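Heads up, the next two complexes both have chain A, just with different partners, chain B and then chain C.
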Partner chain A sequence: MSEDERYRTSTQYRLWSYSPDSLLALRSTTNRIAAERVREAVRRLREARALSSADTSEVENGQSTSAIPEGEVDCLTVDEELKLVAFYCRQTIQLGDHLKVPTEVKATAIQYIKRFYITNSLMTYHPADILKTALFFATKTENHYFRLTKFADAIGKTKPEDVLASEFLLTQGLRFTFDVRHPFRALEGAVMELQALSKGDIPPFHGAGAVIEARPHNMERRVKNAHGKAREYLKSSALLTDAYFHFTPSQIMMAALMIADKELTEWYIKCKFSAAAGGLQQKVLATLEKCATMLKEVDTSSEPSTTERKELKALAKKLNKCRNPEKMDLVGLQRAKREGEESVDEKIVKKRKLEREQSAKEGEDLFGPAIKK
Partner chain B sequence: MMRNGASKAIDNNPSDDICPVCKSNRYLNPSLQFLINPECYHKMCSTCVDRIFTSGPASCPVPYCGKTLRKKGFHKAFFGDLKVEREVDIRKRVGAVFNRRQDEFETLLDWNNYLEEVEGLIFDLVEGTKEEKLKAEERLKAYRESNMGDIEENRRAGLEQIEMEKQREKAEKEAVRQRRLAALREEEEEKLDVARSKRDVLERLANTDEDANKITQQAQKIILKKSSARRTLAESVESNGRARDSGLTIRGLKKKEAPIAEKPYDPFGGVDLTPSRYVLQEDYDNEWLSNAKSDTRHMAGGYSLQEYYARTLFEAFSGLGVFIEDEVAGRSLPAAPASIGTAAAAEASAAKVNIEYKMELDDVF
Partner chain C sequence: MANSPLVVPGSGEKSTANRTKLSNTAAASNGATPEASNTSNEGGHDLAEQMNEEEKQKYVKGKKLGEGTYANVYLGHLRSDPSKLVAIKKIKIQKEYTEGMAPDAVRELKHLQEISHPNIISLLSVFSSKDQNLNLVLEYLPLGDLEMLIKDVEGVRYGAADIKAWMGMLTRAIWFCHENFILHRDIKPNNLLIAADGEVKLADFGLARSFSDPYRIMTSNVITRWYRPPELLFGAKHYSGAVDIWSVGLVFAELVMRIPYIAGDTEVHQINLICQAVGTPNEENWPGVSKLPEYTVPEPPTPVRLRDHYLSLFGTAGPEGVDLLMKMLILDPRRRITAREALQHGWWAADPVPTKKQDLPRNSGGDAKIGEDLKRRPGVLDDERGAKVARKLDFTAVR
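And now, the complex of A and B:
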């Protein structure tokens, strides 16, 4: 079983790998359905209001409708949604820094958010709610224990219920797969081997003797520099793009190394894939190139520029206007759901008790109780 | 079943008292003794046997029997009922040939089938018509000839078992005898001890002017101590003896075949996980790990650097040759199995479209 085959068994490959086209198609479907639902929900709400206000005075009627936007709802487009998601991903990093959680936790949380919003729309579930739950989940999956009450306190203006309200929702959105494969550990492995290669500790890889002779000068220092740079890229750019959906962790890591030191990385890849092996070397290099351009595109500065900020503010306002009114209060919905279940339980208990009493009564009958069918 | 009917059934059956050949009566000859020959099971008195068969083989004097009998074949009947006698003889004869043991069979069913077959053969021999008897005899003979080696082996095994049984019994008896002797000896010693200490006490009472009570108490204590010491000694000896005994009886009880050497257990079921893109080294230089390498606090918990090396390097190259864009493109099409890595992946990808749309419509709240 080769390394690649082992990667193909992961859920990240099986469920969370897309080509750019299919990802876009999926997102637009999600957006379309969510928009329809928002309109539907708003219409329902208006009808309900109209009914309830029919018997109240005209003055009150005018006040209550003001909470709901008039006319046709202006929904977010796919691009707008993506921009907002990117913004909230940055927010997640900041929140993570504030809570002093390790990089892996932040990275996992961001992937959760990205995965969740492929099949769910911002208009249905607000990212500010989902973000907290995602970060809380990430502390668990990455083995960084954080007590829930402390977590909520540290975020501020948050109650534990707020974090837990969307718990199952997020789990379902993640298709019950919590495993996220990151390129961080892979980078350590590659750097470790590169360092060993630079010192000549490792015999040349089989079939790559000629290439290994042509290794770059001053390799030890270059490896060290590349390590730091690549790590920076992995910590920010790789998370904020869709790289995780289109490339494997190993490829993302190599691409980051490539940005940091192109000559070194190309030499390394050539060591690993002999040129004769059916163009695999070229294909890998091309894929890494593609990934590298994707990583370079994104702006990693944590503070958005003024124009961006203005745009984001407008988007946030727009989002507030087109949110699905039925899904706003997640905590309330959660509570209602739980209580609903409980009341059903009570009903069953009562019914059973009645049946028991009845059968006891019939048991005293001369010919015993009726035969059960 | 009547055993030794010759002496017991005298009164109930008059035919037991008169020899069918010479008609001599037990009343006239109290030492009358009947003999039979397993050829035909006709009984006759010992005088008749002497008279007719001493000069050599002759035919049976009973009318219409006419079997040729020899004097050597005559013996006293063990059972009063000659039918039973005959059946037992037949059983002995068949049992000597069909002497398989249960552990030779693979299943209980096979063993039971075998037993039933043997029983059928015996029934044919005992109760069957002439033809059946002949047939059964032939089968018996054929079986004996074809399985000579096995029969001999089983016979020997049976003898050995009996021998072993005898030995064990003997050893047990011997052990019991030894125990009894030891107990006797112990009793004797104890008596002697008590007598000696009493004498000591008396002597001390006579010779010294210590407190009489104290001296007697001390003596009592000494006796108790000695007896308890003796008991523990005896126990240890006994346990030693038992251990040796059990070793004797167990040895050779079961002849086991040498067990087939099992292959070492392979937890991965033959999956080869050797990396194809790198060679894992024993040790790597890593400034972040230099602390951990020398610090016992890291290593005490069983932290293995090799595990870390293996994992990081595996992750560095796992999926480097997986081109998602190419591979995922064929996913929604069921007729593209080549691009799907595992069975699970195929399953997941086949069901994928449905899942997504279902999720879209299925709400938690």
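And now, the complex of A and C:
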């Protein structure tokens, strides 16, 4: 089986790869639906409050009542949602560092968050809640299991039920696909091969002597430096941009190497192609350039600039004013679901259904229902 | 309605009124990239909820095939084509597990979503129903499992050509897992289910995991005891696909003998039996073995069994078959045959030719059996054979 064949069977390829246009279309739809629902919910809330202005208990959530301003709700745009998601993804890296989880766990958690927010809006589910859940769930899927209570304690100001409340929502948003293919192992493989090539332990793929002659100087040291730098890109930019949605892990890895040391990487690519495959080589290089451009959009350092910080603060404020009041208390919603605290409407529906079934059953029996003992 | 994100049909069939749709309904069950819908706010559901609803609407749930503590299994069919049967495994919310979705369900979903092979059970779809129950839509495998065939000594006669056919399908399944960097870690006859056309399918990925990075440790507490290789019994924390190959070898032996070959009552007993049946592991036949954390072997040591010993026990498999079996049961996991090498072995081409799958011996009455097989909690023992199964994984001990 070739690497390509394998990758094409992955859910990352089948379900989570998009063209930029189709990704934008999905995000726009999600944003539009969420905004409509926020406005609807706020309208309902205002109506309820108008009905019982004296009785505030009608609106259980104290936090929501004060946050809702008068007039039309000013909702986040797609672009604003994306900026906030990126910010909370960075937060996830920091939280992961704090909890000392391996890179794979952090990386998987971030992809979970990014995937989740393709079909869910921040206005519906706040990223501060989702990120904890995503990180916890990633510890399960990446075989680095954390006890829930320990996890919640280590985060601080978090109860186990806060972490679990959105787990189901998250898995649904992930379409129940949990495997994420990362470029980290690919980088280790490429570096090993480069080291071997630099020492002359292995010949270049097509045995072209001229290629090996053109080997960059100080190759061993350059490989080492490129390794470190590329890894930084994989641990930050690759996760925070949309790279995973548009490129394969090996393309992302090669693009990171390209940024780290262009000459070295181009030489490496030459080693892997025969001269006859020049067209293909150009195609690969063009794709890597595109990917590298995307990776360079995000700085590898984790600190946002002051202007960014200001903008993010404003966006966070805006988000607080356009959250869906009916979806704010995830813990409460979850408890209601699990404990069967159904709303009155649901209870009536259930009762009617039971009655219907009962009468249907009785109808089948000519002599009526069985006599209870 | 606002508090209930999912429109739940009272009884599968009557629910079309609440159906919500995305624009690209042409997509096959799980395979298509989702596309944005052009219509607005369908029934007030998030896109994620709509997608779930769409998956759910593709299937109709029918009669219950089996009920267990971990899951209930139902017969189902495609709404668009009632002749296309499926098994719907509805995972119950586990009261005793308070840390969210159980690790075995996570593992099974994670791995089955990624692989597709004729000899591995197909996960056709996943959706959630009322109260956040997970529903796994699996292919319907009505003819029971290999354990039933092996045990039914009176009712089912089979020979070398049949064994070769079943082993071929199992070896291809495990080759495919390893090719995709997945360790199954629970191969045994009752995890090998049989499709209507006789095809054997590897099921139960509740203990499966991806190959570890070299520096990350794994738990040695996997694989049902009778099929567990010596390196795991000795507590190895770093291991490879060789663990599955040992299990495959023991399934092979069991197919020939029609009784589990190495059936220990405890882990220590299992090691003792391995020493008797295969030979005592030592530094000579397995360099480094004495450094494994729980390495202890009984005295006096038994020399590694030779070809004649195997020929006397497994002669029906022929000399080539015996050769393959011996290579699957090599004590040193580094020297044990790999799945790829096993597929290149001379046995497959030797006489007799493997039986065509439609001509393989079978038994009937599988309906109840698929329920039995699927409802078990993956990776954990069913009651009957509980004693020999891997203990429930302790996920806190191993990181």
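The working rule: the second predicted complex is superposed on the first by the 313 of 373 C-alpha atoms of A that agree within 3 Å, B and C clash if a C-alpha of one lies under 4 Å from a C-alpha of the other, contacts with A are read in each partner's own complex, and residues count from 1 in each chain.
We adopt the following convention: a residue touches a chain if its C-beta (ideal position, glycine included) is under 8 Å from a C-beta of that chain, and two chains touch if they have at least 3 such contacts.
Nothing here was measured: the structure is a model prediction, and the numbers come from that model.
Peer 1: Put the two structures on top of each other at chain A: do chain B and chain C fit, or clash?
Peer 2: They clash.
Peer 1: Based on the superposed arrangement, let me know which partner A:L187 touches: chain B (first), chain C (second), both, or neither?
Peer 2: A:L187: touches chain B, not chain C.
Peer 1: State whether A:G173 touches chain B only (first), chain C only (second), both chains, or neither.
Peer 2: A:G173 sits against chain B and chain C alike.
Peer 1: Quick check for you: in the superposed arrangement, does A:L333 touch first (chain B), second (chain C), both or neither?
Peer 2: In the superposition, A:L333 contacts both chain B and chain C.
Peer 1: Considering only touches as defined above, state whether A:Q91 meets chain B (first), chain C (second), both or neither.
Peer 2: Once the two structures are laid over each other on A, A:Q91 reaches no partner at all.
Peer 1: Tell me the contact category for A:T158 with respect to chain B and chain C: first, second, both or neither.
Peer 2: neither
Peer 1: Where does A:Y145 make contact in the superposed view: on chain B (first), on chain C (second), on both, or on neither?
Peer 2: A:Y145 sits against chain C, while chain B stays out of touch.
Peer 1: Applying the document's definition of touch, where does A:S274 land relative to chain B and chain C: first, second, both, or neither?
Peer 2: In the superposition, A:S274 contacts neither chain B nor chain C.
Peer 1: Scan A:T300 for contacts with chain B and chain C and give back first, second, both or neither.
Peer 2: neither
Peer 1: To test your reading of the overlay: chain B has the stretches 25-33, 133-141 or 349-357, and exactly one clashes with chain C. Name it.
Peer 2: Here chain B runs into chain C along 349-357, and the other listed stretches stay clear.
Peer 1: Considering only the contact definition stated at the top, list the common interface residues of chain A for chain B and chain C.
Peer 2: Residues common to the chain A contacts of chain C and of chain B are 1, 6, 9, 14-15, 17-18, 22, 26, 29-30, 33, 119, 168-169, 172-173, 175, 185, 333, 336-337, listed in rising order.
Peer 1: What residues on chain C touch chain A, complex-wise?
Peer 2: 1-4, 10, 30-37, 40-41, 44-49, 51-52, 93, 98-101, 103, 106, 109-111, 113-116, 126-128, 131-132, 134, 179-180, 209-210, 212-213, 216, 218, 395-396, 398-399
Peer 1: Okay, in this complex, where on chain A does chain C touch?
Peer 2: 1, 6, 9-11, 14-15, 17-18, 22, 25-26, 28-30, 32-34, 36-37, 40-41, 44, 102, 116, 118-121, 124, 136-137, 140-141, 143-145, 147-148, 160, 163-164, 167-169, 171-173, 175-179, 185, 326, 333, 336-338, 340, 343, 345-346, 353
Peer 1: Please give the residue numbers of chain A that touch chain B in the complex, ascending.
Peer 2: 1-9, 13-15, 17-20, 22, 26, 29-30, 33, 119, 168-169, 172-173, 175, 181, 183, 185-190, 192-193, 195-196, 199, 201-203, 205, 245-251, 253-254, 272, 280, 283-284, 287, 327, 330, 333-334, 336-337
Peer 1: Inside the complex, what are the residues of chain B that reach chain A?
Peer 2: Residues 271-273, 275-279, 281, 284-286, 288, 309, 311-325, 327-329, 341-342, 344-345, 348-349, 352, 355-356, 359-360, 362, 364-365.
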